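Below: a set of structures, written as structure tokens.
Both of the next two complexes hold subunit A, though its partner changes from subunit B to subunit C.
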Partner chain A sequence: MWDESPEGMGELAVETKNLVRIYRRKRSSQDSQERQVIALDGVNVEIPYGELFGLLGPNGAGKTTLIKILVTLLLPTSGTARVAGLDVVQQAYQVRELISMVSGGEHSGYGLLTVREQLWMFSQFYGLPTRLALARIDELLKIVGLYEERNRRVSDLSTGMRQKMNLVRGLLSDPLVFFLDEPTVGLDVSAARDIRAYIKEWIREKPGRTILLTTHYMQEAEELCDRVAIIHKGRIIACDSPAALRRSAASGSYFLLTTERLSEDGWLKEVPGVRRVDIRVLDGRTEIRLQVAEDGVIAEVVRALADRERKIYSLTKVEPSLEDVFMQLVGRRMEEADEGR
Partner chain B sequence: MGVRAVRVSSERSLQRLWRTFAVAYWLGWQIESNWTDPLLFLIYSVIRPLGGVLILAVMFFVVARGARGPVLGFFVTGTAFWPFVVMAMQGMAMGVLADREHWKTLRYIYSAPISYRAYLVGRSLAQATSALAAMAITLLFGRWVLGIPLYFSTIRPLVLLPAFLLGIAGIVAMGLLITSALTWTSREAWRLPEAVGAALYLLCGVIFPTTVLPRGLQMLSMGIPLTWWLEAMRRGLLGEHALLSFPWASDARVLGTLAMLVAVWIIGAGFAFTCAEFRARALGILDQETGH
Partner chain C sequence: MRAGKKLTRVFRAMVGRSYPRIIGSNRDKSWLFYDTVLPLLGTVAFVYVYKALGAPERFIGYVIMGGATTAFWMNVMWSMAAQFYWEKQGGNLELYMMMPCGLTPILLGMSLGGLVATLLRAILIVSLGSLLFHVSYTLPQVPLFLLIFTITIIALYGLGVVFASLFLFWGREAWHTVNLFMEPVFLASGFYFPVRALGFWVGLGASIIPLTLGLDAMRQLLFAGMHPALLPVEVELAILGFVAILFILLARHLLQKMEYLARREGRLSLRF
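Let's turn to the complex of A and B:
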């Protein structure tokens, strides 16, 4: 349980400096030779209190490794990592008092226990008095829609229910810094939406609390995060608010026009303010992707098409997404950049 | 400007240790007993040790051609106390493996603000509790059916009680040592506790006195607390009728040696676990599942 106070922890909820993590793996069980895998390569992150910070990257980018270091499960190879001003290596025990973690995509939990028993057990590890713990468990179970299942065995829960239970487990101790590692991976749309909604609600209701969320879902990062760091091959390659990242995309926003087939399109580049034209022909129609200096330029393009008596079937302004930003930075789409592909 | 925080409710570390131990004990007992309904569990708790002791008794009578007396007493008491080793020592190690591989909770328990050692001890002793029934059933069967020389008059509480407590502490220390090895082990992890248990069964004077072992193995067995524990338990239960592995040693010497060995093994196991834990965190395999 936490009170806001002028005295106490460091200025930043999470801070890493030149964090490096190298795994040494044998090529096979018969092979004595080791290969080095650089999971984190000089990661610098600064997350102030109260922020919902997203770490976005493909599988194998280093997201989980960073979280494992921050929650004291893993030691860094070099560099430093601090949570609430505490060193995760030297002050691991103190760090654990302030944090909590929930990972997605796994079926964790003692299947023989009921939901309530399992949650009570974890509450005891954080020193919550039983009466307070049970009240909080019931309250949180109601919020995530799992109250009716409180006396069911964990083994009888669906994947989505189990993930909600684990979210409750993570929140029981009211952590100062909450680590969410791919919390919605493998969930159906409805369960994922519920979990995202509660994450947003929790951080809104608890000013000063901090969430570090890893995801490879662009939409999730855009919807939830105050700031997003894009991580690729163990390096942070961009870090800003989702809106700023989108703006930073060199392509910027663009217009998508579908017209009657154009026999000749060279004139489009001559329209004042048109920066770039990409054309492709689809089903006898022409799709024109236009980058313009400012939105008003599109009126000139439309006028020019009208002068040439070409019909316009659709006109859409497309804002760049984080996927575009990722593609621009990495040169591939997120799913193409997943490890092993 | 960061929002700062202080802990509102803090617990003394001793309270936290106790709470962790108690909750781990509760969890261990739930896992041990909660897999079926209470009646079936009760029947299982009786039938299982009874079955075990019957098999061993038949083997004994075939090999010993119906011999009774001190040899049978030695055999029955060793069989009665061995489940503590199986349950508490192997149970601790198996518990860690189950947390890591089956329940997938190890990372959440480890990253909670607890003493992981207290957690392990709690899990181990929960398992040991279930060995109590096996011990009682085996001793009663030995006394009333096989006729071992166990009487109220032969029981010496001042030897038995300290020996029992020291032995449990030694078993927990040995469990911690095996658990240390398990934090590094992957594919063969499940076999390790059983392999160690089997070796100790042969070395520590469970069903035959260590005097029948080759000299080198005798020396080895004398460095293991279990050997002295079983010796002390037999002296405490059977008194003058006990067949001894160390007939030259007094009761006080047996207890003293046991206490010293337990202390050494506790310190060694604590050190080994600290090293193993650090190394597992360094290698990144603490919570990694089989196959790494």
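Let's turn to the complex of A and C:
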């Protein structure tokens, strides 16, 4: 609940300066040695009011850590962070009045309550009068398509339903800045689509509403976000609108080529004009994503394949994607950059 | 936010969090067996032992009161103390820490819910037991009795929050250890006999559990003149008040520590 105009609360909805977070961890219970994990390594972000801002990065990049600092659940090791102009360390309680957070795969609440009861319980933590709370709950449940399930027990919900309920929970207090940590992780296509659709609608409904969303789905970031920051190993390595990011990566042309299985592919990189080759093997076929200096180069690639007597199943020119941007910046596909790989 | 609005919020948060506790016991009827029939069985066993020994009638009243008190003890040790652990597992604790109303009203609500649910069980145990064994009570000093009961309960739930935080810091093993260690203390609290029977010092030692003194004081009122008291009612009440304040302060301190630890370390247990 926020009555004042967002302009009265600083220029930016979120602002971090040189944010660093180091976790200390012992390797085992006997071990006296501590290991340090640098989860955030000097993060600077500025999110104006009204923006749907995405944080895209592989597992272990530091996305959740950043969100936790911003929602006052974690202290930064150094640097500062402000939400709605308020310092998240010094003014944590004031920040909490203006925000909420929903995480993917969250199992909050109590299984024995019904959906409506559970949401009512959470509304009470914000001090909403019961009648207003129930009206708001019903309205939100209708919008996300969960109204029919309102009297079902929370423990009986499917993953998609549960996540929709969590989304409603996060919106009960009408937050000014809404934090979503991988809101569609593990959901089926249609549930994920519903959630994305509603997120987009919610932010447009009232000027000033701001969302920071993390994801490791490229398409999600691309489809939803006004701006995307790519985070890798605790650093923001790029930050711009999806279109601008794609443009920045797009030197040359991109092609997608499927061929008969290639036993040896090192030669592809040697074809003159080929900048990058990205190969996946899918049931007996080889899918090759190529970045080439200019369109003409593809003819050379096709010829080289013909020389090796490999069948070509398909050849498409494609737009560069955020995946390509990530490749360009990190040198690996995002899924390969997951921590522990 | 104005103070009035904040106070309303604290109240609403409390009621909100007590709701699943109260409703939960209606929805899952197994408590009727576990929380009423089981304590009653233990009670009945003691009743027959006393009858066989030819103990005075009032001992049966003692035992029934002890049975009712056991319900509170069980609620605090098994539901309250373990609760943080479950709240943490499900991610609730983290969410609660983020709530603008703060953790305290939510915890109060948790205690309130537990209390209401347990009060129901206790009343059931006392009514059933009294009906079965034809015990009648005379209670001349109702306000004093209620005062003792209230302070006992406050101290007891304070202790519950203290244990809850400790178990969160030190993990589930600590919980089991404390439970093991609690069993003899629980017996020494004189749930089924006047605590004085164990000797003054043992009784005083067991007084760290607020129920010990609470029970002794309430029994003094119920069986005036016949009860071998540990200490005079007034003194017991004073100690209880002191213990209640002690536990509440300790609980507050531990909660603040918990929140700080969570924010600084990014985890809640003290063990690595």
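The rule is simple: the second predicted complex is superposed on the first by the 269 of 341 C-alpha atoms of A that agree within 3 Å, B and C clash if a C-alpha of one lies under 4 Å from a C-alpha of the other, contacts with A are read in each partner's own complex, and residues count from 1 in each chain.
Here is the rule we use: contacts are C-beta pairs under 8 Å (C-beta built on N, C-alpha and C of every residue); 3 or more make two chains touch, one makes a residue touch a chain.
Every value quoted in this text rests on a predicted model; they were computed, and no experiment measured them.
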- Query: Do subunit B and subunit C fit side by side on subunit A after the overlay, or clash?
  - Reply: clash
- Does the superposition put A:267 against subunit B (first), subunit C (second), both, or neither? neither
- Message: According to the stated criteria, A:176 is in contact with first (subunit B), second (subunit C), both, or neither; which is it?
- Response: first
- Look at A:75 in the shared chain and tell me whether it touches subunit B only, subunit C only, both, or neither; answer first, second, both or neither. both
- Task: Classify the contacts of A:11 with the two partner chains as first (subunit B alone), second (subunit C alone), both, or neither.
- Result: first
- Task: Pick one for A:109: touches subunit B only (first), subunit C only (second), both, or neither.
- Result: both
- Message: Taking the superposition on A as described, I'd like to know which of subunit B and subunit C A:48 touches: first, second, both or neither.
- Response: first
- Message: Looking only at contacts as defined up top, I'd like to know whether subunit B or subunit C touches more of subunit A.
- Response: B
- Message: Quick one: is A:23 in contact with subunit B, with subunit C, with both, or with neither? Answer first, second, both or neither.
- Response: both
- Query: Counting only touches as set out at the top, which of subunit B and subunit C does A:147 meet: first, second, both, neither?
  - Reply: neither
- Item | Touching both subunit B and subunit C, residues of subunit A | 23-24, 29, 65, 68, 71-75, 93, 96-97, 99, 101, 103, 106-110, 112-113, 117, 121-122, 124-127
- Task: Note which residues of subunit C are touching subunit A in the complex, please.
- Result: 1, 5-6, 8-9, 12-13, 15-17, 19-20, 23-24, 27-28, 90-92, 94-102, 105-106, 262-266, 271-272
- In their complex, what parts of subunit A are in touch with subunit C? 23-26, 28-29, 65, 68, 71-75, 93, 96-97, 99-101, 103, 106-110, 112-113, 117, 120-128
- Query: Which part of subunit A faces subunit B closely enough to touch in the complex?
  - Reply: 1-13, 21, 23-24, 29, 48-50, 65, 68, 71-75, 84, 93, 96-99, 101, 103, 106-113, 117, 121-122, 124-127, 169, 176, 207-208
- Message: Going by the contact rule set out above, which residues of subunit B touch subunit A in the complex?
- Response: 1-11, 16, 19-20, 22-23, 26-27, 30-31, 34-35, 103-105, 107-114, 187, 278, 281-284, 286-287
